[in-house]
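By written order: A, B, C, D and E. Residues from 1 in each chain.
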Amino acid sequence: MSTTEILFFFLSAMAIFSAIMVLISKNPIYSVLWLVVTFFAISGHYILLNAQFLAIVNIIVYAGAIMVLFLFVIMLMNLNQQHEPQKGLWMKLAGVISGGCFMMVLVSLVRQAVDLKSKEALTFGGDIGLIKNLGRVLFSDYVVPFEITSVLFLSAMVGAIVLGKKD
Amino acid sequence: MPIQYYIYLCLALFSIGIIGALTRRNVIVVFMCIELMFNAVNLLLVAFSKMHLGMAAISDKASTVGTDGQLFVFFIMVVAAAEVSVGLAIIVMLFRNTHSVDINFLNRLKN
Amino acid sequence: MIPLLLILIPLLSGLAVFLLKDSPSTKAFALVSSLATLVLSLMAVFTKGALTYDAAWLPGLGSRFSLLQDGMSKMLCLLTAISFPVVFAATYKNVYQRSAAFYGLMLLTQAGLLGVFLASDALLFYFFWELALIPVYFLCSIWGGEKRIAVTFKFFVYTFIGSLLMLVGLLYVYAQTPDHSFAMQSFFHANLDAHQQNAVFALFFIAFAIKMPIFPFHTWQPDAYEQSPTATTMILSGVMVKMGIFAVIRWLVPMVPLGVHAHTNFVVTLSVIGMIYASLIAIRQDDIKRLIAYSSIAHIGLMCAAIFVQNQIGLEGVMIQMFNHGINVIGLWIVADVIEQQLGTRKFSELGGLAQKAPVLAILFVVMALANVALPLTNAFVGEFLMFNGLFQYNVWIAAIAGISIILAAVYTLNMIQKIFYGNTVEKTVQAVEVSANVQWVLSILVIIVLVMGVYPQPMLDLTKDTVTAIFANR
Amino acid sequence: MNAIIVSTLLGVVMMFSGILLKNKSLLKYIAIGGLLLLLVANFCQTYGCYTIVVNSHDLLRFQKFGLFFNSIAIAATLIYVILSGKDIETAGNYPAEYFALLFFVLCGVSILCGFNSLLMLFLGIEILSIPLYILTGSDKRNLKSNEASLKYFLMGAFTAGIMLMGIALIYGATGTFGIVSPSIITAPNGAVSAPKASFLEIAGLLLLFVSMCFKVSAAPFHFWTPDVYDGAPSVFTSFMATIVKAAGFFAFIRLLEGQSAILGPTWKILLSFVIIATLLVGNITAVFQQSVKRMLAYSSIAQAGFMLFALYAANDVAKEGILLYATAYSLATIGIFAVLIKMKDYTLDGFNGLAKTEPVLALTTTICLLSLSGIPLTAGFFAKYYMLASVIKTGSGLWLVIIAVLFAAVSVYYYFRVIQSMYFKEGVAETSEITGGFKAGLIFVAALIVLIGVLPSVLLNYFYF
Amino acid sequence: MSKLVYLIPLFPLLGFLINGLGRKSLSKSLIGIIGSGAILASFVVSVLVFFDVKANGASVITLFNFISIKSLVIPFAFQVDQLSALFLLIITGVGFLIHLYSTAYMHEEEPQHFGRYFAYLNLFVFSMLLLVLGANYVIMFIGWEGVGLCSYLLIGFWFKNNDYNYAAKKAFVMNRIGDLGFLLAVFWLIFKLGTATYSDVFAHVGNLTAFDISAITLLLFVGAMGKSAQIPLYTWLPDAMAGPTPVSALIHAATMVTAGIYMIARSNILYTMAPSTQTVVAVVGLATAIFAATIAIKQNDIKKVLAYSTVSQLGYMFLGLGVGAYTGAVFHVMTHAFFKALLFLGAGSVIHAMHHEQDIRKMGGLKKFMPITHITFLLACLAIAGIPPFSGFFSKDEILMAALAKNPIYYYLGLGGALMTAFYMFRLYTLTFLGGFRGTHEQEHHLHESPSAMTIPLIVLAILSVVGGWVGIPELFAKDSHSLEHFLAPIFAGSAAIAEQHHVEASQEWIYLIGSTVLIVAVIFWAISSYKKYQPTTEENTGIAKVLENKWYVDELYDTVIVNPLNALGGFFKNFVEKNVIDAGVNGVGKLVGYGSRQMRLLQSGQVGNYLLIMVLAIVVFVLVWFNDITIMSYLNRIFKMA
């Protein structure tokens, strides 16, 4: 077992475990924290795949900004004390089963896919994930969507203000 | 790494996200699960991007195939950030009115 | 030009009436407009040969605003044109709330009906088919009887389902036309194999069968007739049911000859069952309107059967009977309306002895009723004679069974006469008086038409000869 | 491209005018002017006069079809603002922001009209959706509005996840985000062999299909629609149900236009299942609704079922038809909602006797309802006509058409219930103040519906593929 | 002269129109003059036509084309030949007398109803003339239905009385049943020959198969059954007594019921070519003759007795037609017209005098009050009983002899009927005119002879009843003395050529003649003697007498077997099938939609979780459906196999 594989399996196990913990934590704050762990694991994967820019952004934006925002909101609402009411057992079971089915069918699809058999994701190689390369493409080929996201942000900003303001 | 491993991993994370969205009652947790789904997709995109690069690199060492996949992840993050701000605003607004974030209480509109 | 004007006059005057204030002048306006249409349609009748009109309409779809007025449509236009002034005149004394809207809708109905009879483009035909329905829906729902909303709605949905299926059929045939056009001739030459023809037949026939109506699609009819304002009922039963018959002859028979042929047995059997069934029910009716409705179903069943036996003699009979049935049934409705307006009841059990109080009405009604049982020298005899003849040539037994309806018709019609007019007066009829002069005049005109057409039907047969010849020339 | 830029700028202008203007009622006129400008800009581009040239590196590709559709969306918005502009002002405390958000939505619509990459599709849909989440929740004190907003948001985000998964799978299979399927293999000798798609790509397309079904509220992904349409302030429901939905359809068709070859025969079965389910759910459930607003929500599902025919047929007639359908449906729905907003009571009983108190409103509503039911002489007829014709033209699916037609007959039931209330039932329908201008606008809409119903070529002649 | 034949129906039509439209403005006497005058005018023309035909032979006068389409031409044409000329004379002649009689009989009516009465009467004659004159079966059918209508109108003349209305309706409906048969026969002819014109039909009769002819003739006979009141369609005729008495006279004597005879005589070639039908006709006729006679024996209503006697006599006529004695049948029509008209008018006179009392048990001894009526009535009774040399003797004898030639059983049964006829007629005569008066004193006080307008027709008819038979004196008595047969010979020439001739030996004929006459005379004396001392009893009849009094319960039978089931069926359709099957089906669809709507609303639970769950499940299903054949199933199979 190579280092890559060890790393891969470790990160994967960590991601899945923490994701499951997000799911089963009763306290929302724990959920947030476990989600942060998941994000870190995913960032690890990015690094493994030599996508350094995304790994950083993931940590800064997701684990940093977004999760903090979540934390703020939860604390703002003072939910950490609350014991979240649980869904009925049947609903939970149905959720798990249907989610499981979803995974089952897709996994079985992938297992049948012959054209994926020999394909591998390049780990540690290739430098497209470096900030220089990405930036060049982003500001040439992808400048239009980049600009357009500004509209998205603008509207999100307006929305957040409109909805969040007390009146 | 074989690409299937990545796909399985991502599908697992994605499905966990779905299961979370289906089983939890706290709106914020549901929302977080959706974020988890996004992240699963992100990882998958990066893996695919590297897969395509790997295939192209056999013939062309300087290939930049796969850049678009990583950029897509970037855009997803952007969108997710915007969505989170709006989403949390909505949740806060609702909480102000009902003092609850229980998804099961969202049942005034039905039938 | 005449065909176009025939549609335009009622259409435009109908729209114009909406703008008028509710006043007696609206009635007069509507009457004048309908008389103008009558004059035009008479002009059309006396013009030799088929009249046409053609203008561009929907170039992208292969549909044109093309009208064709051959013998059959001349006749039906004449029927439409006669019935509206007759109805207006006969109900002149009736007071309607929002009368402008009432007369406007009536005239729009007329425009739709005339359009149906004139259109020689399938899509245009479909348009007018619907245009004739919508105003009627409002007429019945606003000015109808107690249960009007539900009943009218049933009627509407019923016919709407039919016309939607017809639309599917239209599109289906359209897709198979050689030149992708809705023109009548293209439709008649569409490339349809026997299997496709059967499908198209089913789609169209349901629409027409509902409109006619044929057993077992008829249940909307008695209710609708009962609940509609009588003026509308007259149009419904006098003219509108002819739409179905007309459409079968004009469109279905030439378009899908194989489909028609394949279903002949089925349709004829259904029609004959319907005739007997409706007649038997009519015998047990206690309500003038319902009785006339069921009697109408029986008569229409005969017409439908006579079309489908596909011989010339039967078809000639259908032609002339379309006109005559319209006249007769309108006459019956007028009397029914008079009775209801004057005495406030339509129940036989609450009527009787009216002949003593209103002898003129009684006489006129009896003539109408006798025309309804197709007594010789009344107009209906000629048509029924020819139709039964056609039916007989198709199958002796079918004709014999259908013939039973002649007997049953006598039973229920005479029942009706007896229970309304004969016997001694009862509580409700003691105060009855003779009907007003306008009704007398209108009925007299109808009676004259009944008798003239009964004694000398040849002009009408000559009028429609070209249509019949054309249909049989195609095979 | 013109439309994207201009609508963005206009959004910003609206925001600033909200700050600068004292008189809020002027906003409406600025918006109308802006929309006219937008319309002109879009027309310029449609007919080859580019004012702003931006190289989008083939991420966006504007074709006449899309641009024309965009014009229709803008024009519909214009009519919507003219009719309901006043109600937008009174919907909450931030009218300027609402107008701005409407323009941002239009920006999303414009992107969807020209996207040539899944990235742009995703961005377009998000730009379209996020302002709508906000607008849905704009009635902040109203719990229903809050709830609708949150439901919409949660389900929208969830679907976005599904969509992203689909995009990722497609990317995995094809290595590109372009929507022109590369799987069609042209052999060196020129023979085109049957395209062979990997499982991944098909699964990805399926997930994309599902998410688009969600956007256009096709069953069984329609569940958000009634609740959200019901809970949102009526004035925004009107917008959502018409322009946004039509844009969704356009994107849907554009997305799957070239894909039917690789989707295989099963695809049609699946699609017919979705169509029937949509028609069933929309029509049947609408029958017993007491609230007109909610009924309209279900009716919009039903109408979506009809629009899906365009997808099923996927031919020229279908494209032409979806254009007409979108127009007819939008016009009628905007008209009805404009009236609905004026009503004090949204239930059917609230409409009782409207014909007596407000005959113009009743008449125009009737025309709109007739159009929705597909009665001839209204635009709705030709809309349905094209849909049915397109399927019949494919030579199969006659049974599907017949089922659709039967459901259309059911739809008459609930549309006509409103007419019955207005015309045949006794009652005094209470409305808020109706201005002459509003009536004129309604009459204009009704006239437009009838005009298109009589001469659809007026609309279609401007449109060539 | 034949060119003017259209005048014959035209006069009554004009009379109908004038009286009908002007019934309120015209005076009674004017109405009477117009009504009777129209018929008189027709009669005059008829006489002219008759002699014209006698001199110049038959002709067809076409007025216009009634129906003319590619495959069928039906001209509105009149057939003027020996048969129709003879019938014209009977109809207009007897008709005129009845009209004349009516002016007095109906004098108590209000002018308005008086006018209506004469209008109907004229229309009746018009229809009958049309029937007789028509040159094809369709025009005949027009008249055929027309007389049905007029009988309906006249039977229900006093429309205030609902019993009368029922009788009228019954007459019309019964007639319609027959008419249907007639109509089908006409269709058959048109179908096979493409024409309904007599001359063409008879000329091309060879193109028909034996089956066709049998069917056509049988169907025509069904028509005749209805119109001429044969079993099983005879029950309307006795009920038709509800109308004014002159109307009964008109129906029974001159018009209507003779239509069937006329029609078969007209179609004699067809019938001659269909021996099986002839047998049916003969048997039905004979059965009717006897059956009706048995009923007549026990009837107490003066008009009912006469009515059943008519049915019975019509039976004889059909017997004659059935055995090929067409001339005899027509001859009997003529003589029957005279004496039956006379009987009815005489009965009318009695009823008039008795103030509308019709029960013969309450009469008696009218001889001394009403001498003219009595004498004429007696003559008529003798005529109908068949006493030589009264008219009935000759015609009845001719039929019976033909029957004897064909089959002796016909003869014996027919003779039995004739004996019964003699019995019930003289029972009637005796109870009415002989013995003592059994009515109230008031009635007795008012008894008087009728006015001259009524007695003159009686006298004229009495003379005709006596001498009318002399146009057909059998060969037995004198060579070539049967002038009627010679006159009608062209009509029946075709049949005569085909039919095999049966003849009874002259000596045998004498024996039968004398024997039968003796028997009849004996029966007459028996009848007179047994009823001369009749006193009304309150005892109810029992056994066979009761059955006879109740007309063999045939009406009740029809009610139970046909009328009630049909009514019940109609009710079942109306109340059950219509509501619970067809409408329920339609409404059921609506209800189903409503139910579906209510159920489907519940799916919209309002819970986001549920919505998402359904979406996910749908995706799973979609994937499974999409990849059903290749991937998923095989993979799942493998999993299950491993496990």
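Following the convention adopted for this analysis, a contact is a pair of C-beta atoms (placed from the backbone, for glycine too) under 8 Å apart; a residue touches a chain by one contact, two chains touch by 3 or more.
Source: prediction; values computed, not measured.
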Both-way neighbours, i.e. chains that touch chain B and touch chain A: D, E
Fewest touching-chain hops separating chain A from chain E: 1
Centrality ranking, top chain (CA atoms only): C
Remotest chain, chain D as reference, centres from CA atoms: E
Greatest separation from chain C - chain, by CA centre: A
Pair of chains whose C-beta contact count is the highest in the structure: A-B
Intercentroid distance (Cα basis), chain E paired with chain C, Å: 36
Chain C-chain D separation of Cα centroids, rounded to whole Å: 43
Where chain A and chain D are represented by their mean Cα positions, the distance between them in whole Å: 32
Rounded Å distance between chain B and chain E, as computed from the means of their C-alpha atoms: 96
Residues within chain A bordering two or more other chains: 87, 91, 94-95, 98-99, 102, 106, 109-112, 116, 141-142, 145, 149, 152, 155-156, 159, 163
Per-residue overlap in chain D, given as positions that touch at least 2 other chains: 119, 123, 126, 130, 133-134, 137, 140, 151, 154, 158, 199, 203, 226-227, 413
Interface hub residues of chain E, defined as touching at least two other chains: 601, 604, 606, 608-609, 612-613, 616, 619, 623, 627, 631
Interchain contacts, given as pairs of chains that touch: A-B, A-D, A-E, B-D, B-E, C-D, C-E, D-E
In the complex, chain B residues that touch chain A: 1-9, 11-20, 22-26, 28-29, 31-33, 35-36, 39, 42-43, 46-51, 53-55, 57, 64-68, 70-71, 73-75, 77-86, 88-93, 95-96, 101-102, 104
List of chain E residues in touch with chain A within their complex: 609, 613, 616-617, 619-620, 623-624, 627, 630-632, 634-636
Contact footprint of chain D on chain C as seen in their complex: 57-61, 126-127, 130-131, 134, 138, 141-142, 148-149, 153, 156-157, 160-161, 164-165, 167-168, 171-172, 174-175, 199, 203
Touching residues on chain C, where the partner in the complex is chain E: 154, 158, 216, 218-220, 277, 280-285, 312-313, 316, 353, 355-356, 359, 370, 375-377, 381-382, 385-386, 388-389, 392-393, 396, 399-400, 403-404, 406-407, 410-411, 414-415, 418, 421-424, 456-458, 461, 465, 468-469
Chain B - residues contacting chain D, complex: 3, 7, 10, 14, 17, 21, 27, 30-31, 34, 37-38, 40-41, 44-45, 48-49, 51-52, 65-66, 68-69, 71-72, 75-76, 79, 82-83, 86-87, 90-91, 93-94, 97-98, 103, 106, 108-110
